[in-house]
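Shared chain: chain A. Partners: chain B in the first complex, chain C in the second.
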Partner chain A sequence: MIEEKIIKKNRLNAMLQELSKEYSIYIPAGENGDFRFCELRDTNDELVFWDYRNTRISPKEILFPHSEILYEFSRDESHQFSISQNNDDQRKMKNVILGIRPCDARAIGFLDRVFIGEPNERFVDPYYLKRRIHTIIISLACNRPQISCFCTSLNGRPDGEEGADIIAFDIGEEILLKTVTEKGKEFIKESSKWLGNVKKSDIDKKNKIFKESAKRINSRVSVEKVKEKLDDSFEADFWNEIHRKCLGCGICTFLCSTCHCFDITDETSADRGKRIKCWDSCMYPLFTLHASGHNPRPNYKERMRQRIMHKFNYCPENFKELFCVGCGRCIRNCPVNLDIREVINQVSQLK
Partner chain B sequence: MINPYLPLPVKVQKITIENETKDLKTFDLEFCDKNDAEWFKYTCGQFAELSLLGIGEVPIGIASSPMDNRILQFTVKRYPIGVVSSTLHNLSEGDTIGIRGPFGNGFPMKDFEGSNLAIIGGGFALTTLRSLTKYIIHEKNRSRFGEITIMVAARDPGEMLYKYDLEEWSKREDIKLIRTIDREVDGWTGKVGFAAPVLKEISPSSGNAYAIVCGPPIMIKTCIAVLLELGFKASQIFNSLEMRMKCGIGKCGRCNIGSKYVCKDGPVFSYTQLEKLPQEY
Partner chain C sequence: MMKEIETRIKEVVKDLFTQNKIDLFIGYSKGSLPLTSSPCFITKSEDIEKLVWNSFCSNNLAVYLPRIFNPQPRKKEKIELPRIGILAKGCDARSIVVLIKEHQIARDNVFILGIVCQGMGDRKKIRNDIEITGAEEKNGRITIVDENKKEIELKREELLSDCCIECQHATPPIHDILIESGNQRPAAPKGGGRDFEKKSIEDRWNLFQEEISKCIRCYACRQACPNCYCRECFADQTKPRWIGVTDHISDVMFYQIGRIFHQAGRCVDCGACVRACPMGIDLRVFTHKLVRDAKELFDYEAGVFLEEGLLLATFKPEDKQEFISEP
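Let's look at the complex of A and B:
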């Protein structure tokens, strides 16, 4: 059974402050439109992110950090190495991510497929899993989508629930919380003393706002044929043109909420060091360079093709899902305005 | 839960220089902890990441046979720009390194059983084919496989890998071993010529058979053409591929060819599968 509860905006901080004894709570923080997920600070100030559009860096960084220590090692006098696993127990074990946009919540569901996989998966990423199972995702439905948002073309909605445990709706003075998963229900139960019951008028208000907001998304691309078109387009001339203005900076992949490629590198000093897992990008030439000097993707062309193919053909093949949620980050931040919507539209029109 | 990123410690028992150029060395590794050895069960054609703390990791096909428990063998080529392979080459016997794995699918051994096998290896790509051969010719396994033809191609005699094994195999009645080098050399008793024409000359029969080809891309290409001519179907031809890798477990996203990850869906692919994949390797 779905549960719906209500809380006054000006009471929310008090509730979170109390919960923060047990949870690390992440909220969007920032100013002048430049937001990023940060841990809730110990303050009495009212939460003010309700009107924020979206963060520049995707909240994937909470579960899949830009760089994280896999383990540390040291060498003793006899040159023997010993490994110690970094257990981040200084941090609280449980997380709440509050205010994540529905598109990004969906994207976390996709990352789950990669890092955790099916129940019988041979290898699971234990670092991701450990964070993920202890994380509650409370998404915030979008009252005012941006012009670069195109989630509705990709099975998303400004009030979409996929990937969230609870979805929050800003209905003015109050926030309406709707449970999506069992985990969400548990959380609501734990916090019940802060929450009130919804009235019919609250629901009406919510429905009205979010009917409007879906209509505000005017940017549409047609993705229906993309996977199929790409099946036969690996050698198409299209790739010779589409990459031309790309600088290969990799911003699009770093900020993308579904991109998940990483590198493993070592950092050392004298007799100790760390092995680190950090974001990497298919847009970089070193990504696939073999030790022999051979590189299967030596040029911008092949790398751009990989990025598009991975999202719109390989992932659909492997996970039955287009790995794009329409958040628009790559469109807003690409230094040369390479617009993925145009790429998708062009692919759809390939002969 | 196992942590697939964590290397297990192994001791370098022995280092064998394989070729005259001295850029190929075989490392015999033994697990420091008996339980790890027990846990690390692999099949022919799988690979592992050799892990040097502070330097990095390199994926290498397992050259030993699953039948020789205790010792794992890896043949590593040193590349001038390969920091890990160069450091490995500077190791001494008795040093400790790390290992992660076993990874990848390996050869479809169940399918191979009951069939004749043509094993074709060129240059330094003989590694997992050696594992395969050693496994098949083991007294406990030999009767489950049909006729075995092994063809080994190298630039010149000094570059031929596993000379000690080849010597032993050449004496066996139940293996047809053909060795070929690119150009005539004094005292050479094997064949002379590139892999593909020699393969054509020996014409292994495609009836109830599988062919497994590993080697430099050009050799794979030309040998597959010959095999198809000889009547092998695409589904009877197998390949093992190489790609730049990091995680080895299908997560880091770098070793793909089309929608397949070489580390997870490969490294062994049938030619039927390869035909469907883009030519990006």
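Let's look at the complex of A and C:
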């Protein structure tokens, strides 16, 4: 049973204040349109993200940070080894991510499939899981899409619910909250003293705003044939041309809300060391460099092909989903304007 | 004026292909977002129509030359070097000069189509919360359209990148053909970096940390920089590994200090690193200090004279040495 509740914007701070006793709360923070997810430190701060478009860097960084120490190891005088799990992560284990856009919430659903998988999956990333399992995702339906947004071409919607526990709709003075998962329902129940009942007029208002919002997404790409076309295109001439202007930086992969590749490195000194997990990018030569010196993806061409193949062919194969949610971050931030929509269109037209 | 230059570019490139003087031309094509252009590789004359010239042809195209002339991995057999035509603004041409002097480019294989640059615009000068859905450039004015179809008219000058405002070398110092652009924009007084320089060492260090703490190590600054052509960057080396892999401030600073100092006497202040940075770090505050030091201590500007020796590879008895003890 879906539940819909309403809260006045000016009561939200009080609610967050109480929640912050139990949860770490992440919200988009910033100014002049430049936002990034941060932990809410002072619950008296005015919440300014209602009209934000999206964060520059995707909120995946909350659950899958740029770098984390997995464990530390040391050796004492008698050559006894000891390992200590990383304990410097003092944050509370329960998180609320508030204000994430539906495209990014959907992307977290994709990351879940990679790092956690199906129930009883053999390979689970415990570091991702420990953050994810106690995290409540309250997405904020998108009322200000950008011209680089193309979520509607990829099964997304400005009011899409996938990946969220609760979806929030800004309907003016108030926020309408709609539960999506059991976890979300539980959360709403806990916070019920702050919430009021929804009137028919609120729902009408919501429907009107978000119908309008969907109309604003005019950028469309056709993805129906992409997977199939890529099946036979590994050796296509197309790759010789499409990569040419790529600079080989990691912007597209680092800002992407679905890219999830990482590296594991040991940093050691004489008698102690750390094992570190950190973001990596298929756009870097080091990503595939073998210890022998051989590199199976020696050039920009092979690396760019890998990125496109991974998103639009391998992931659909493994997870039944194109690993792109149409957030447009890579489009807005690519220093040479290598637009992924154009790449998709060109792939679709391959013979 | 922009349209005329564009037409002239196309004529020259057409001639180059017709006379079989080049195999590849690197210029700009229309970008997919308003107020952008995109580097463009032309290999056949049918594609020449794709070329554009406007106030957003800002990428430093020289960045592509080293990788074409020194392909990775090294081929055993001797490869025939392609003949490349390249569009070069003042800063692009200065980068080409640096690359020639550092033996990264075969000069004979490069045809430089120089353009006297009027300075390039920076989309980031418009506040991020204004969603630009369209733009038109006409007679030195740029009209942008926001999502509510509201038109905002701006002077071209209002959108110029900081490095372009202070640029002293609008005319390419090296070129095979030069396209003039009419009324020359007077170079603005050199101001960049002065505020930074006036600060105390402590404040400078704090500002550096604050700015650099935004870095996510995507290496876009390095990849966009024509000077960063190393086959293997010190930041990527693993045997030994010089820098930790995390986004911790100490690791990030190590990378940035390393990269920035490698630009001493080489940076042409093209602003490619600043434009590329997705996190909005103003790297130029730091690189410009090096540019100013090179000028003030050694009267040297990178990429201006092809015949002049490289700053760091030249010793003169009268070279100043104070900087060694005075930071």
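Basically, the second predicted complex is superposed on the first by the 344 of 351 C-alpha atoms of A that agree within 3 Å, B and C clash if a C-alpha of one lies under 4 Å from a C-alpha of the other, contacts with A are read in each partner's own complex, and residues count from 1 in each chain.
One rule holds for everything that comes next: a contact is a pair of C-beta atoms (placed from the backbone, for glycine too) under 8 Å apart; a residue touches a chain by one contact, two chains touch by 3 or more.
These numbers come from a predicted model, not from an experiment.
Novice: With the two structures overlaid on chain A, would chain B and chain C clash, or do they fit side by side?
Specialist: In the superposition, chain B and chain C stay clear of each other.
Novice: Once the structures are superposed on A, label A:Thr288 by its partner contacts, choosing first (chain B), second (chain C), both or neither.
Specialist: Only chain B is touched by A:Thr288; chain C is not.
Novice: Between the C-alpha centres of chain B and chain C, what angle is found at the C-alpha centre of chain A, to the nearest 10 degrees?
Specialist: Apex at chain A; the opening toward chain B and chain C is 90 degrees.
Novice: Considering only the touch criterion stated at the top, classify A:Thr265 as touching first (chain B), second (chain C), both, or neither.
Specialist: Touch status of A:Thr265: both partners.
Novice: State whether A:Arg157 touches chain B only (first), chain C only (second), both chains, or neither.
Specialist: neither
Novice: Looking at the overlay, does A:Val114 come into contact with chain B only (first), chain C only (second), both, or neither?
Specialist: A:Val114 sits against chain B, while chain C stays out of touch.
Novice: Figure out whether A:His243 sits in contact with chain B (first) or chain C (second), or with both, or with neither.
Specialist: Touch status of A:His243: no partner.
Novice: Check whether A:Arg132 is in contact with chain B, with chain C, with both or with neither, and answer first, second, both or neither.
Specialist: neither
Novice: Please indicate which partner A:Lys206 is in contact with in the superposed arrangement: first for chain B, second for chain C, both, or neither.
Specialist: Neither partner.
Novice: Using the superposition on chain A described above, determine whether A:Asn299 touches chain B (first), chain C (second), both, or neither.
Specialist: Once the two structures are laid over each other on A, A:Asn299 reaches chain C alone.
Novice: Of all C-alpha distances between chain B and chain C after superposition, which is the least, in Å?
Specialist: Nearest C-alpha atoms of the two chains are 6 Å apart.
Novice: With the touch criterion stated at the top, can you tell me which chain A residues are shared between the chain B interface and the chain C interface?
Specialist: 263, 265
Novice: Taking the touch rule as given, give the residues of chain B at its contact with chain A in the complex, in rising order.
Specialist: 1-7, 9, 53-58, 79, 81-82, 84-85, 95-96, 98, 242-244, 246-247, 249-254, 256-259, 264, 278, 280-281
Novice: Tell me, which parts of chain A touch chain C in their complex?
Specialist: Per the stated touch rule, the residues are 32-34, 51-53, 56-57, 66-67, 144, 146-148, 216, 241, 244-245, 247-251, 254-255, 263, 265, 267, 276, 278, 281, 284-286, 295, 298-300, 331-333, 335-339, 341-342.
Novice: How about chain A: which of its residues touch chain B in the complex?
Specialist: It comes out as residues 70-71, 73, 75, 79-81, 83, 85, 114-115, 122-127, 129, 234-235, 260-266, 268, 273, 275, 277, 280, 282, 287-293, 296-297, 302, 306, 309-310, 313-314, 317-318.
Novice: In the complex, go through chain C and note every residue touching chain A.
Specialist: So the residues of chain C touching chain A come out as 31-34, 36-41, 59, 63-64, 67, 71-73, 127-133, 147, 216-220, 222-224, 236, 238, 241, 244-248, 272, 275-276, 278-280.
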